[in-house]
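Input: structures, listed below.
Both complexes shown next keep subunit A, but they swap its partner, so subunit B is in the first and subunit C is in the second.
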Partner chain A sequence: MMELLKFEFPGHRAPLRPMRGSAFAGVVNSGSLEVLIESVDLGGRCQVEVKTSANGFRSTWDAVLEDFFARNRFADIKVSINDFGATPAVVSLRLDQAAAEIMEMGAK
Partner chain B sequence: MNLADWRKRDSFYEASARRRILGLLDQNSFQELLGPAERITSPHLEQLGFPVSFDDGVVIGSGLLNGKKVLIAAQESGFMGGAVGEVHGAKITGLLQLALISHVTAVLLVLDTGGVRLHEANAGLVAISEILHAAFRAREAGIPILVLIGGNNGCYGGMGIFARCCDYIIMSEEGRLSVAGPEVIETAGGVEEFDSRDRALVWRTMGGKHRYLLGEADRLVVDDIKAFREVAIELIQKPKPLTLESILQEHQRLGERLVAYGECKDALDIWKKIGIPEFDAIPLMDNDAFHSIVKPYLPREGTEEET
Partner chain C sequence: MISETFTDWATLKANRHKRLQRASRLAKGKIVSSADIIKLLETVIEPHDRVCIEGNNQKHADYLSRCLAQVAVERIHDLHIVQSNIALSNHLDIFEKGIARRLDFCYSGEQGARMARLVGEGKIEVGAIHTYLELYGRYFMDLTPRVCFIAADSSDRDGNIYTGPNTEDTPPIVESTAFKNGIVIVQVNKIVDKVPRVDVPADWVDYVVESPKPYYIEPIFTRDPAQISDIQVLMAMMVIKGIYAEYEVNRLNHGIGFDTAAIELLLPTYAAELGLKGKICQYMLVNPCPTLIPAIESGFIKSIHSAGSELGMEKYVAARPDVFFDGPDGSMRSNRTFCQLAGHYADLFIGSTLQIDPEGNTSTATLDRIAGFGGAPNFGSDSRGRRHTSKAWLKAGREGHRGNTKMPRGRKLVVQIVETYREHMQPTFVDRLDAWQLKDDFKMELPPVMVYGEDLTHIVTEEGIANLLLCKNDKEREQAIRGVAGFTPVGLARSHRAVDNLRDRGVIKRAEDLGIDKRQANRGMLAARSIKDLVHWSGGLYEPPKKFRNW
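And now, the complex of A and B:
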């Protein structure tokens, strides 16, 4: 069965720039995942919701996501993931793709 | 074809559903309907413990094609083999129904699918029948439906039947079109009937070149999103009449085809019977060479005239 994991991160105190809209990357294919990033008012915090077919990897997700938020000065961001057994490197890549897209949208 | 030409290509085969739509339509014109943020996912997959996708594997919306307003749907080949589930099908049906009330020039459907999503069983079958019904309503209203096939799933099952109910099919050599897929035929008829691991056999039986020679695909283009776009621009202007007469003509053509080629064991036998001189070299010909050699041998009835 699918496992549902929820994470919350404090969010950056000086976010890079105001975000708006949503960004999407990836495909729910075997060994891959889709990432939806939305700009939502969360009082500065960031939330992540992961639905994954690979159970029991909470600590791995935590590490990958912590790294992602350390590399990106984000606040008020909701990340939703549908995962079909992606490796951590693939997860990071898709997160970065979606992040790059939402940054681009914010810049417009 | 030289390397520089290859590099200029924007592969349709390799692209995702979203990438295909963006490449087909005029720049910055696409507006998605029921996009990922709406989270309209499959209730069936959820119950079965399978991963869902936020768009249920199909991207739909509107945009401009050479300045003309069109509706477009593209199946994502990576998610569940592009298969049609209840939500996925309802999105396509809704798009075809929208065509009736939104004054569009045409509907473009990028199909990349094995057919019904078996996990959703009857709901998927019903979804395909609803797509068919909506498509005939749109055609009755004179709105042309163009099917584009050039992805790694090909177009099979109920969606293969559906594709042939639309105005036009544009294919690349890489695309395949059939009802039963290679593995299904092998399972039902044995490996002597069809060896699904024989890739050359699969492509010459179901691939774009053969479908074009039989008159089932109206156009055969190179694996380039721009090439699909060029042909789509031309064909959206020419809806095919859907009348009793046109259907009877098509049935007669199919009857004659069965008489002419019914005994053939392989597409090679058909190409030989058609009288194409270098028939056994067809699978390896590039697009230009193929077109110049087969031009005199194309079936004309029921297909749109070359301009």
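And now, the complex of A and C:
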């Protein structure tokens, strides 16, 4: 049974602009996950949708994502995650890899 | 006036002669046939003897141990076994049957759960759990064996012994027994006319038996690069840039595990890109782990001394005598005692662990098992007797100097490398080590700690590096540990202000603080991505055991 979790975060007050396009990181594998970050008009907010095979870790996801948005000056960002039981370490790494990618695209 | 004086100063010698005499019919010279070996053991061993069974990290006197489990318990009982590794079920059978009762050891790995049960039933009385060097030391102090069993590749008809590349623990076992009038019994894979080299001279050996099967040996140091994760690549990059380059670490020991295998496989790629060849990792104290091959072939590593060998690496090691310690016959000579000893005077130890508490104490103990330590506590501690200097040692000493004394001193870098969560979402960082529970359950005097917090200098996780040397007090130290503990309960309980401050001061360093692009943290960085790649790097000299071949 896949669990579907939704999160919303206020965007950064001084976000990096312009942010364009989308970035992807990760693989579909047991113990891994795939992350898609898209630049979408959300009125300045950020949204995250997590589909996960490991149920009952909502508070951990919340902590991981809160930390991610605290580290990155993002607004109007949508994150979609397909998780196959990745540890928080892997989640953070994939998020950071996708974030680095989309920031580079914005800078171009 | 002296009321009583000893006149007999050679009781051990007299007793030894009695034993040899009793067994004279059972041996031809020193050679005992396998048909007579159980009888021989019943004849030369006496109840309450202290018996050392060679049970190393890898090589085991498994045949003799199996034979000991078959002696008549009316004749042989209440033995005191001293043995570094309890690895096979027959090692515990002798306790189950009452042949032995007391045990002093180092490590029990797979047998840990059964050992715990036998301790609970009163069938095993554990003297202590030791580190390797500590137990060998006691062979020459208060735990000298009366009888020892060792395992070797071959013997000639006089009893000269060739141990093969896995000499491991043989020298201290034989020396302590033979020179205190004990009895040395050797199982060999083959009796030959001439041994390739003499590792144990015949004078020190009493009996030799050819075992029906070669001694048991395990390739425990082989890590398949295919199983190294991107996270491990990221952590290895942080170690190379944030610790090895920072301190110019040149003389070190790597623990076993995928974390350190990842470091080894990044030397020819990432470390070379950083211009670190010839500056780091030139002298290593490690077994010939196959994952070292690319770094050796790239000229990164100058010299390696090994505690034991590794199955499949024999030809490769023999073909690189400038790097490894090889005998005049061409094959490697390992020695766990000397390797551990050298580790005391190296500049760095790095290894993994299962649990770390907020004081930085670490443990591999898990509930319901008595697993022991092995060599990590030796390698993973500051050596207070060191006097020679090196850049790394002096820098660590300066950083760790809290100004309590005017006298400068260096110190060893002791690094634990872990992911914040292990498999099944088991947190590595915990408020209380399971070792405390184990202490209570088995009425130990101390919790079995692997590395003490006071010896630990750095923790590396996927979240970053905590340099504990730079912490001004215990409170700061605790925050530095929490600051790399990720989303574990210990990590979530951090003070964000304190951690931000530690990061500003460089006590905590994230990958980005080290200028590492996380997109580079990818298995593509590894010099070899499979066992097959390692075989290629070795020019076909590495011959992996079957279980590691999938082509």
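Descriptive notes on the structure:
Everything that follows uses one rule, which is that the second predicted complex is superposed on the first by the 108 of 108 C-alpha atoms of A that agree within 3 Å, B and C clash if a C-alpha of one lies under 4 Å from a C-alpha of the other, contacts with A are read in each partner's own complex, and residues count from 1 in each chain.
Definition applied: contacts are C-beta pairs under 8 Å (C-beta built on N, C-alpha and C of every residue); 3 or more make two chains touch, one makes a residue touch a chain.
The structure displayed is predicted, hence computed values, not measured ones.
Of the two partner chains placed by the overlay, neither subunit B nor subunit C lies in contact with A:I102.
By the touch criterion defined above, A:K51 reaches subunit B but does not reach subunit C. Looking at the shared chain after the overlay, A:A89 reaches subunit C, while subunit B stays out of its contact range.
Of the two partner chains, subunit B is the only one that A:V28 touches; subunit C does not reach it. Once chain A of one complex is fitted onto chain A of the other, the partner contacts of A:V64 are limited to subunit C, with no touch recorded for subunit B.
In the overlay built on the shared chain, the residue A:S80 is in contact with subunit B alone; subunit C does not reach it. Of the two partner chains, neither subunit B nor subunit C is touched by A:M19.
Residue ranges on subunit A touching subunit C, taken from their complex, read 31, 54, 57, 60, 63-64, 67, 87-90, 92-93, 96-97, 100-101.
Within the complex formed with subunit A, the subunit C residues making contact are 229-231, 234, 419-421, 423, 425, 461-463, 486-487, 492, 517-519, 521.
Within the complex formed with subunit B, the subunit A residues making contact are 1-2, 22, 24, 27-29, 32, 34, 36, 38, 51-53, 80, 82-84. Here subunit B touches subunit A in the complex through residues 16, 18, 35-37, 39, 46, 49-54, 57, 76, 78-79, going by the rule given at the top.
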